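See the structures that follow.
Note that chain A is present in both complexes that follow, paired respectively with chain B and with chain C.
The block that comes next holds the complex of A and B.
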């Protein structure tokens, strides 16, 4: 039994380490195609994100101080550590805390440049974190109340689909997932296009290979987040669960295309309201009804 | 026994000495030596008693009893005399003193105090507190030696009253040792009131109008707690625990809840005022007017820690009761609201003050629930908070003298300007909120414990409250690490005394973060086994992951030192309108303009006054509910 758990852990870990960037890149390519179709365009080839990435790596980066790129490297490393905790079946709260550490490194990198656009981006990224963090913790607590464990390996082993017992928490989670995936209407910290009011926000001063690190980290992060979504469906047949997870992502792409960016005030208020009402109600229900 | 008496009495020697000697050099030397003696004494004490069962000591002597009584009377008379400085309509402060003393004297002469078997005790929680008071407290004293010299340099108009300053500092330490060792509640109460007196005197140190006003606010609110404490003693000598009249702490803790809950709630209320929980938080915010070491002392190792110490002590009585839940909710609401309040502040000391209140709120919340898991988290919180907050306050004090500002916005580029100071600040901040460091471990433990409490309201409060914590700490760190392109390392260094304290506290913070499993197993586990017959087991898998994260975190500063500086530098992006390499650009009409960068403080979104009002009302309701439970017949 123990060796089986260990095997699963090793497989999950190595799988995430090697496959997540590939899947993340493909997801980004898929995202661009679906987005293009929603806008009646043809869109780039599926592998376009990889071509972009290789091009970034070949460029000569420039910096405004000598340390900024190291923060980006730490961001990537901690995203990978976070993913490893999750995909080896580890503690969900620890996953969330490690994800926070990763984001803090990204933000410090942006602050370190002392550039006006980066600083605005960093501050907004922090606001975004403040907006989504309660809901993430509530989701983890809800899963604990249903499965009596914070460990991913126990949560996926639960026979009853979590989306049935935690429907409101699922909706709330999808809400903040939009923030976490950096999609409209909540793409406050780094806008998709460089010609808008905060240029590229948090990544303004990063270029070449450092920006490539950011892209890879983002892909790793997206796969991790989809893993989180998968937990809600884990009790279904795996094919159905994966299908539902991808459907959730397509829904996010739809939201991305259907909405214009909102203010940070609305972002913080609405996410806290959603977390407090949907998350709170579902948590109370889970605490009293399910035991 | 001897070592405990040493810790209680010895600090009075440097206190008296520095109160008589005017020679600054000699005084500095004595303070350094005695601080070292106190620190070593507390380490020795910890070495002897750690891991052992609770040990009691009898100390029976008519002289001591008379001394305690005399002490109380002198203290009251002194405070009454001081009330002559009251400017506002704060007539209620002297009346509190009179009522309090009257009840105490009535207990003493009217009812007669019951015989005390064990006047002093030491258990593993006292050992932890001893280390905190002895090491951090005395480091702050060492730091003060040079800080106060600088302070009077910067404040030339102020009368130099350093002699009384150091007298109060050491008296404070002695009284704190009394709080953690006294089993006789009357002695505990005397020490409790001495800490109130000391903080009143220290806050009033600058003798400005504002300082005097804030000192009286601190005095008034803490006397309110003192009154509640005295009523608890009155209840114990009048009614007693199951008919048994007693003023011994261990008897109360071991008593049936039906009887013990009433004094427990009354004393917890005293703890709530002392640890500056909402709605009494204003006194700790006002305390910032005092010189920075005072804030460091109040926030890290004394005063507020006495408040949470006593509540954690009473946790087994509070556990599972309605009153206990109310105490927990007061802490939880305080945690959420003051975390939000900290976001709105750019004054470094105010941010630190709000964060202290928030963290103590978490400790109070843990204690109110009172299960072994929450107590584990609470004690860890106390430890981590003491080291990190001591470090942060002292760093801010030094920075303030260097850059002549305590505004976070002015700390831009600190890491380039004063790399050493910047580094210790980062250590302190990291210890306060980020995985895998100290505070976060305790928050994690608290969250895991709160989720099993029904209804899971505290878990929700914690989930919402920790998000703003992230915001204000990271924002501050961002200012420290941001590097303007034209910045250069400053020349003027930091004095030896200040570096000793800062360096050692930074080392302690790192050691506490790295060795927390060891701290937990040597100090906290024995305490939990004694009081709850339970232990908290850390999952080895999580510990391994945390160690890996910690290892990475240790590599990061090394990485910064060794990182090849090979990248071609470009000017900061200003939409192509830069002038030269600076943060200036060509604006409208061809005028040269400087870029101004400020972080978000969400003023206008979150108003300090509005949030404070809401939380004062909410916590007042909770306090009323808490007291109502003791009036109801106990089930």
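The block that comes next holds the complex of A and C.
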């Protein structure tokens, strides 16, 4: 039994390390095509994100601070560590805290450049973290209440679908997922290229290979977040669960295209309200029904 | 195999254009022309850009801005002068405040004349610029491998 768990851990870890950037890149390409179709355009090829990535590696980056690219590298490394904790079936709370550390490195990188746009982007990233952290922790608490474990391994093994026992927490999680996926209406810190309110926000001062690192980290992060969504459907047949996870992502793309950007005040207020009401009600109900 | 021709990101700067050419650039992004098909993205950040599109003539006030933007773009990069004003200064060239076309202050790689320049001409100009971008990339790679050796 122990060797089976070990094998699963090794497979999960290696699978994430190798497949997540590929799947994340394909997901980004799929995202761009779906977005283009929603705007009645044709859109770029599916492999466009990879062309962009390799192009960025061909460019000569410029730096304004000798540490900024090191911070970006740390961001990537900590995202990968976070994903490894999650996909080896590790502790959910540890995953959330490691994800926070990764974001802190990104913010430090942006602050270190001293550029006004970068600084505003970093400020907003901090506010976004403030907005989504409570809901993420509530999601982990809800999963613990139902499955009596913080370990991803045990949560997946639970026979009853979490989306049935935690429906409001799922809705709340999808709400903050928009922030984490950097999609409208909550793309405050770094939006798509087309929206140039604060130039490119947190990534303004990163160019060439350093920006490529950010892209890879973002792909790793997206796969990790979809893994989080998968937990809610894990008790279903795997094919159905993956389908529902992708459907959630397509819903996020739809929201992205249908909404304009909101202010940071609204972002923090609304996400705390959602966390408090939906998360709180669901936690109380789950606790009451299960005790 | 080079990827720079498959994902050219564009920086657009309005020198002293009447907005005619600028609207034609934006028309390229619409469903009719949809230049994102070729991986072209209109970015607002010089540090992420590969192709610098300038519309309108250069005057005393925007000269330092244009030079600054050009300096911030990472190599390899190309400059495209869009419209007759950016190409030569057009009939504004004799004005007291106008320096002339973009080539008075920056090394221009492709000239796309027209008043206003048509979206088809813009796409054609960018495609020609991509050929030059690829040459520059190859030259840069040669240079860096030489300096490493």
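Everything that follows uses one rule, which is that the second predicted complex is superposed on the first by the 288 of 291 C-alpha atoms of A that agree within 3 Å, B and C clash if a C-alpha of one lies under 4 Å from a C-alpha of the other, contacts with A are read in each partner's own complex, and residues count from 1 in each chain.
Note that contacts are C-beta pairs under 8 Å (C-beta built on N, C-alpha and C of every residue); 3 or more make two chains touch, one makes a residue touch a chain.
As the structure is a prediction and not an experimental result, all values here were calculated from the model.
*Asks:* Pick one for A:48: touches chain B only (first), chain C only (second), both, or neither.
*Replies:* In the superposition, A:48 contacts chain C only.
*Asks:* Check whether A:61 is in contact with chain B, with chain C, with both or with neither, and answer first, second, both or neither.
*Replies:* both
*Asks:* Could you say whether A:15 touches chain B, chain C, both of them, or neither, answering first, second, both or neither?
*Replies:* A:15: touches no partner chain.
*Asks:* So in the superposed three-chain picture, is A:238 touching just chain B, just chain C, both, or none of them (first/second/both/neither)?
*Replies:* Touch status of A:238: no partner.
*Asks:* Looking only at contacts as defined up top, I'd like to know whether chain B or chain C touches more of chain A.
*Replies:* B
*Asks:* If we overlay the two complexes on their shared chain A, which of chain B and chain C does A:199 touch? Say first, second, both or neither.
*Replies:* both
*Asks:* Across the two complexes, find the residues of chain A that touch chain B and also touch chain C.
*Replies:* 60-62, 199, 204-205
*Asks:* Sort out for me which residues of chain B touch chain A in the complex.
*Replies:* Interface residues on the chain B side: 412-413, 434-436, 440, 444, 447-448, 451, 454-456, 459-460, 462-464, 466-468, 470-471, 474-475, 477-479, 481-485, 539, 541-542, 545-546, 548-549, 552, 556, 559-560, 563, 565, 567-575, 583, 595, 597, 599-600, 605.
*Asks:* Under the stated contact criterion, what part of chain A meets chain B in this complex?
*Replies:* Listed in rising order, the residues are 60-67, 69-70, 74, 77-78, 81, 85, 90-91, 93-94, 97-98, 100-101, 104, 107-108, 110-117, 119, 122-124, 126-127, 129-131, 133-134, 137-138, 141, 144-145, 150, 199, 204-205, 265, 268, 272, 275-276, 279-280, 283-284, 287-288.
*Asks:* Under the touch definition given earlier, write down the residues of chain A that touch chain C in their complex.
*Replies:* Touch residues, chain A against chain C: 32, 36, 39-45, 48, 51-52, 54-55, 58-62, 193-194, 196, 199-200, 203-208, 211.
*Asks:* Which positions of chain C touch chain A when the two form their complex?
*Replies:* 2-4, 6-7, 9, 29-31, 34, 36-39, 41-45, 47-48, 50, 72, 74-76, 137, 140
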